[in-house]
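Please see the structure below; I have some questions.
Order of writing sets the chain letters: A, B, C and D. Residues in each chain are counted from 1.
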Amino acid sequence: MNINILYFARIKESVNYSSENIDLPSDVETVTALKNYLALRGENWANLFNGKQVIRAAINHALVDDMAKIKAGDEVAFFPPVTGG
Amino acid sequence: MNINILYFARIKESVNYSSENIDLPSDVETVTALKNYLALRGENWANLFNGKQVIRAAINHALVDDMAKIKAGDEVAFFPPVTGG
Amino acid sequence: MMTVRIQTEDFDLGQELVSMRLAEHAKQDGLAVNNIGALVSFVGQVREFTNDSQNDGDNIHTLTLEHYPTMTEKALTAIELEAKSRWDVIDTLIIHRVGTLQPLDQIVLVAVTSAHRGEAFKACEFIMDYLKTSAPFWKKETTSQGERWVEAKLSDDAAKERWK
Amino acid sequence: MMTVRIQTEDFDLGQELVSMRLAEHAKQDGLAVNNIGALVSFVGQVREFTNDSQNDGDNIHTLTLEHYPTMTEKALTAIELEAKSRWDVIDTLIIHRVGTLQPLDQIVLVAVTSAHRGEAFKACEFIMDYLKTSAPFWKKETTSQGERWVEAKLSDDAAKERWK
């Protein structure tokens, strides 16, 4: 399925772009599965998405946990813990 | 002993003056004793100081409870529970 | 730093708060820069209607504040000192008006600065809870029903008890 | 009533708070008069020095706030709605700046009005605690040591947990 992924803050700087449109294999159905899938892209991606760093996710502008399901057309965002205010 | 007494808010309105200088009998040594002494002045005073109404006291500008001792030269104030802010 | 002002005249809310957040009092006194990150403030104002159990919904015409002049500043300063002893705050300000006010007039401002927000929130609410129960002010309302002294609220005593 | 504004430009603290306490938004919209007795507000500003464990006491040169535009307003509105469902408040306002700021610049204003103070204090602190942990903002500091992303604080998670 096709989704959009957005990256923010130090994750954006680390992967060096802010968004991408991607076709996922059919077995990538959750946030955890998507993180694992991205971690396969190389060392930099592995360091970010192997679970050792806290990476928050939002689907369609709502915070979700890693068990959340992804569906076609979703906007999935990855970012560090927030630090506003 | 000689002390000054101040009255505030509805107590001041009820007794109809705001302060007095008074010579107390030697056995009037606490706030309670002073309240009882004032209550002897007549019905209006009795209604205020017979213990059925909550009347706060301060000695020399500090809130005290009814067991507090009074000494010569003190400024004793009587007032209703405060309602500022 | 801490400040207490009792006054009949109104105050400029924006000016007071900007002065607090920029630590202007401290800087005028040549004190070190304070690293303020948080400003919490409370403004109490005259409501337009009474809404306690005794006198529900009357229009308030005026509210008159009486106080005990020689005690008031002492009581408020003691409350600020207690707040500063409990929390790591940088500056505290209390402005309380006395005399006759109209609906929507400001009555009181409490403002607290600190490095981080938690301390400022706690100290500001603490100061208000103690002011409500320990500072010698009394309110008299005038409504279409006439004049009456505002009664103290049990909820204010309960609010103070939380801090013990 | 409730308002959320995300903006690069500064805001006039006094004007915003006076508008809240006089219920000017409500009155412009022809809503009933609100009987506001209490206004609680929080201002967060850029500190002059870092003071966390990693980078203690450096001068802050600039602070840059990034956010997630399409999510930010939604997240802040959800926090205001949650606050209004928990407490009897009249109006809430959140203004949050983004972009590059200097020391002493205002970052955020949260203001809450209510009839009585307890509800306004709770709702204002609740909104800040949730904003700190749920709204998509990220801070990057520039100091003499270079640039670094500000780390989230465990104390902010703890502050949010209190409300559960």
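Annotations
Here is the rule we use: a contact is a pair of C-beta atoms (placed from the backbone, for glycine too) under 8 Å apart; a residue touches a chain by one contact, two chains touch by 3 or more.
This one's a predicted model, so the numbers in the text were calculated from it and none came from an experiment.
Any chain touching subunit C that also touches subunit D would appear here, but none does. Averaged Cα coordinates give subunit B a centre that lies 48 Å from the centre of subunit D. Work out the mean CA point of subunit B and of subunit C, and you get 27 Å between them. The geometric centre of subunit A is 72 Å away from that of subunit B, both derived from CA atoms. The set of subunit B residues that touch two or more partner chains comprises 85. Touching two or more other chains at once are residues 44, 117, 128 of subunit D.
Chain pairs that touch one another: A-D, B-C, C-D.
Residues 6, 8-10, 54, 58, 61-63, 75, 77, 79-85 of subunit A are the ones touching subunit D in the complex.
In the complex of the two chains, the subunit D residues touching subunit C come out as 12-15, 17-18, 21-22, 33, 35-49, 51, 104, 106, 115, 117-118, 120-121, 124-125, 128, 155, 159.
Residues of subunit C that touch subunit B in their complex: 44, 65-68, 70-71, 74-75, 96, 107-108, 128, 131-140, 149-152.
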